[in-house]
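What follows is chain A paired twice: with chain B in the first complex and chain C in the second.
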Partner chain A sequence: MPGEGARRAPVRIDVEELGKSYGSFAALDNVSLTVRPGELLALLGPSGSGKTTLLRAIAGLTATEEGTIRFDGEDATTLSLRERRVGFVFQQYALFRHMTVFDNVAFGLRVRPQGERPRAGEIARRVRRLLELVQLPGLEKRFPSQLSGGQRQRVALARALAIEPNVLLLDEPFGALDAKVRKELRRWLRELHTETGLTTIFVTHDQEEALELADRVVIMREGKVEQIGTPADIYDEPATPYVCEFLGGVARFETKAKDGEADILGSTFPIESDGDYSGPALAYVRAHEIEIVSRELAEGVPAVIRAVRPFGPTVTVELSIEGRAERIEAEVPRELHSGGELGLGQGVFIRAVSARIFPVN
Partner chain B sequence: MSTLSLADVLPKRSPSVLPGFGLTMGLTLTWLSLIILIPLAGVFITSAGLGWTEFWRLASDARTVAALKLSFGTALIAAGLNAVFGLLVAWVLVRYSFPGKRLLDAAIDLPFALPTAVAGLAFTALYAPNGWLGSWLVPLGLKVAFTPLGIVVALVFIGLPFVVRTVQPVLADFDKELEEAAATLGATRFQTVRRIVLPALMPPLLTGFALAFARGVGEYGSIIFIAGNIPYVSEIAPLLIVIRLEEFNYAGATAVAAIMLVISFALLFVINLLQAWNRRRIGLAG
Partner chain C sequence: MAIDPLAIDTARIPAGNTPPRARFRTPLSEVPWVKFGLTAIAVAFLALMLVLPLAAVFAEAFRRGVEPFLAALVEPDALSAVRLTLFVAAISVPANLLFGLVASWAIAKFQFKGKSFLITLIDLPFSVSPVISGLVYILLFGSYGFLGPWLIANGYQIVFAVPGIVLATIFVTFPFVARQLIPLMEQQGTTEEEAALSLGAGGLRTFWSVTLPNVKWALLYGVLLCNARAMGEFGAVSVVSGHIRGKTNTMPLHVEILYNEYNFVAAFAVATLLALLALVTLVLKSALEWRYGGELAAHGRH
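Moving on to the complex of A and B:
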């Protein structure tokens, strides 16, 4: 059959200097980014960071005041929603309650103008194939109210895919699901993305989800892009203090740098971004980058063990040091715990193995 | 053979999470009986005193039949018109903001609050051959006052708030994402309204229609002014009941009343069935 099955080349999206404000609140502030063809991109940020506004702007659901969005170089801001052909999956799925699963999925095909609309038999065939793709065969006659959350999610996806979209946009795709279903669907979505090859953008506030699933992650803050990079880039080289804190699991130190170096927990680390900076600085050390040293060596700084949480592959130890109100968390190998070296109230020495230091301007 | 005691046969009473069923159900039944069931039963008992042949003679009387047709016909037409325009009014009130919106919103309730006789007088003054509108319409051959058309006009006025007030909250709660979803799937605005919004509004629309219709069938005060009350033409059934009463023909009056009761009940029952069918159709229990 002509056109059928012939996969179109995935679309590239360019967002150029996009701006949108609600009154004095800037929801999007000069946002520019490129989504590579066939890429799975995550928009990550807390609520109010503009990630959903950006997603809706790309879909054409929210009008922007400044900037352009291009699909394969073509200005999409002048296109109607129908012409954009964006598959959008809403956070609450937005399934049509009064329609069966079949009718929901077929909707996008049935509302096409006469001439473009496939015949009924063809529609039925495509719907059935899509339901197989989302692993819901045989549920055609059910109503959305008769489905579980995960099943609704899949129906919403099948419905969005039915229009053979240029791009697939998902707003908090796992937000309304319980933890177990989330994990399953996450893996499944990754597979589905490989299968369809569509340029896909999803919004999430869960950093683990973004880093695990996406090819690249865009971290947003107050309507601006804070950092774009692969999960490895972002994890290994967080660009700003904000990214460090958002990814979490870090201890934050306010310190002073001298000639591009700062002293953290008894060790000296360079400021990579600014070679000879002197002045106030912020340092972040991840829990697994903190080492507990035996008393004999007496390296680093003295600390007292306040709590031990011995579950998971590592043991988390809460420590307090002099002159610091918040406790420091360290993740240490289990052997240290089973060796009986981690008694509550015991005095130890800790030191940082590595740290990220940012000048404070 | 062991014998079964009554306690074994009856379902075991387990402590309920929502206690008070017995008390509230009892009060409800007593209240409903006093207010609705006993008076209505009275209608049937009185008309039963007529005997079947006499009842049928009164019921099939040409004047009675004409009055019943008029009452139910005009009420249905008016409820239908209200369903269409009430939906439109609710749509405008919910979806758009404009100066004077709250005033307009408050005005919707006027037909509820106004003594119906006032409305009747106002309409009669307006549409009478020498009234503001009547003096324009009558030369064009459009007589409103003292015709069935006038009755429809009055009933549209009376019934409007029922449709608006039932549709309004449902429309206000309607999830905008559903419309957005339809739009991203390529539906035109018209397709979205017809296939997504209207089906969701069907249940309240049907309820509003039923309420407006029921109110229309029972309406008396506003109609008797504008209808002109010409037997066989513009005489409504409730008025016929009053006329029979004034003739001390109590049996005749209750006969008309009994027929009205049966038809009203049948129509409302059908509307309820429609509602239930609609709910089942979208996969909701009940």
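Moving on to the complex of A and C:
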């Protein structure tokens, strides 16, 4: 907490070969990762990918069967919830419904053992400062049911921060909020993270949220880590077909590679593997990587315009090509649209500017 | 003129001259006579089956005036019955409060095998005839029973004594508190407890400051119902009591004895006390429902 004596150095978390299963279902399968001190890390994946289980395991809310969790190098696996001193923000906030905002935030201070417990005046002072930090001063006497979703979220954060946690863990922090509040809170959480400097992990299934907010993103799938990297790494160099599809906004092509290269929409690209792979391959092309070529050039692949969505900074065009049931989306500059070159049913030529191609094993 | 709403070309209707709308009823509403008819039947039935008998109790009790009424209440055997009833309730209600809380805690907050069996078991006293509930204790603790001979030889009289009455009452009133708490606790889940633990609270502290306050009104509601039944229970208590005047007679049993002796005024005088208990319970119950309806809403009501 800022200003609360000397700020402790942020904690580094090491997860080593963590395993957890429910019956025959492996919720976590040999997961290893390092969370750098002071980092804002996102755990991203669909439901059932193990991201929440991993977060709860780090918090000490869920027991694991294999592996080790270290806080600053020290084995925390067998430490209790209390000893780990983790600030946890629950998905539905789990505010104490019969307590006021003040009592909710003060709870973590009041339950401390006698010697460590601050006096009542000191508790009141700290609670008020925390409520200022989360921008909710003056709401001390309200009950959770009298607050909006965004306000509850902030109270939950203030309550978690009150115990001066080693790390801050958030389970789907924006899941229950509407789109506008979500955007605001996202920016605010980023600022709060800068202010507190705490090592922070949050779970989300929203790739945009993860890529926008986090320093690094961990993409999970079926209890395993699929890729770890900065948002730029993940966006520019998705490691696997799964990551490509999960990030979305791509057209998927089944194709054949020959000598480490494959043809996609009239262009040839190297494939993402060593050597001269030949055989079946999967190609992913993002909408903005597809170009509509003027008809005179007659390059690329013939296509027919099926729909035009002329909003946003670019215009999205739905195209159909021969031999493919699904339509292909292309994002093209607005000028093409205003130039009147994008009539429905019109024939054009399209070409891929770049693509990621993975061998199918 | 019949108007087909689909056929109207809205553009041609001048502003301020909207066509008359066909009377529209929401799909779940009924025509007035159906509503009033159903309500009248319900009210008449309640009056005949509930209010009339209740009024009769009071009318019979005061038939010879106030003095015989009061005399019947302060008579030593009646006082002893009142004392015994209060004593039994004072043991069985707290006992069931505790058992009910423990059982619903276990069922709602933990996953274990045989959970649904335990829930069924809790409901058992509701599905078994109270007479059987009483007989069970005779079979266990009676002089020809399973444990009875040994207990009697060692100077413990269970059946035909106060301990038997207490046991039978506890058995019969066991489900009330648990049935009230289980749905609410299941609905509330365990995340608030998890939050309290993650904030550093110990198990006991979490229970006192998070779990218990969240169910306190439902708990009170259950206790209220449990108490009403504990004081009013007849069947099971009748089997194990032995009807010894001044010793093992509870109020309901006392009413029966007086009635069988054709002492109607006294019988109904004691009955008014039980009726009053019912009315007080009803008022408190309604007050709780009115004030804390939201918190009780998760319940299967009785």
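In this text, the second predicted complex is superposed on the first by the 355 of 361 C-alpha atoms of A that agree within 3 Å, B and C clash if a C-alpha of one lies under 4 Å from a C-alpha of the other, contacts with A are read in each partner's own complex, and residues count from 1 in each chain.
Operating definition for what follows: a contact is a pair of C-beta atoms (placed from the backbone, for glycine too) under 8 Å apart; a residue touches a chain by one contact, two chains touch by 3 or more.
As the structure is a prediction and not an experimental result, all values here were calculated from the model.
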item: Fit or clash - chain C, chain B, common chain A; value: clash
item: Touching partner for A:300 - first (chain B), second (chain C), both, neither; value: neither
item: Contacts of A:107 with chain B and chain C, given as first, second, both or neither; value: both
item: Superposed model, chain A: greater residue contact from chain B or chain C; value: B
item: First (chain B), second (chain C), both or neither touched by A:82; value: both
item: Touched partner set for A:144, first chain B, second chain C, both or neither; value: first
item: Chain B versus chain C as contact partner of A:50, first or second or both or neither; value: neither
item: Touching partner for A:163 - first (chain B), second (chain C), both, neither; value: both
item: Contacts of A:94 with chain B and chain C, given as first, second, both or neither; value: both
item: On chain A, the residue positions that both chain B and chain C contact, one per complex; value: 59-61, 81-82, 85-88, 90, 92, 94, 96-98, 107-108, 111-112, 159-160, 162-163
item: Residues of chain C touching chain A in the complex; value: 191-192, 194-202, 205, 209-210, 213-214
item: Interfacial residue positions of chain A with respect to chain B in the complex; value: 59-61, 81-82, 84-88, 90, 92, 94, 96-98, 100, 107-108, 111-112, 142-146, 159-160, 162-163
item: Residues on chain B engaged by chain A in the complex (per definition of touch); value: 175, 177-178, 180-188, 191, 195-196, 199-200, 281-284
item: Touching residues (chain side chain A, partner chain C) in the complex; value: 59-61, 81-82, 85-88, 90, 92, 94-98, 107-108, 111-112, 159-160, 162-163
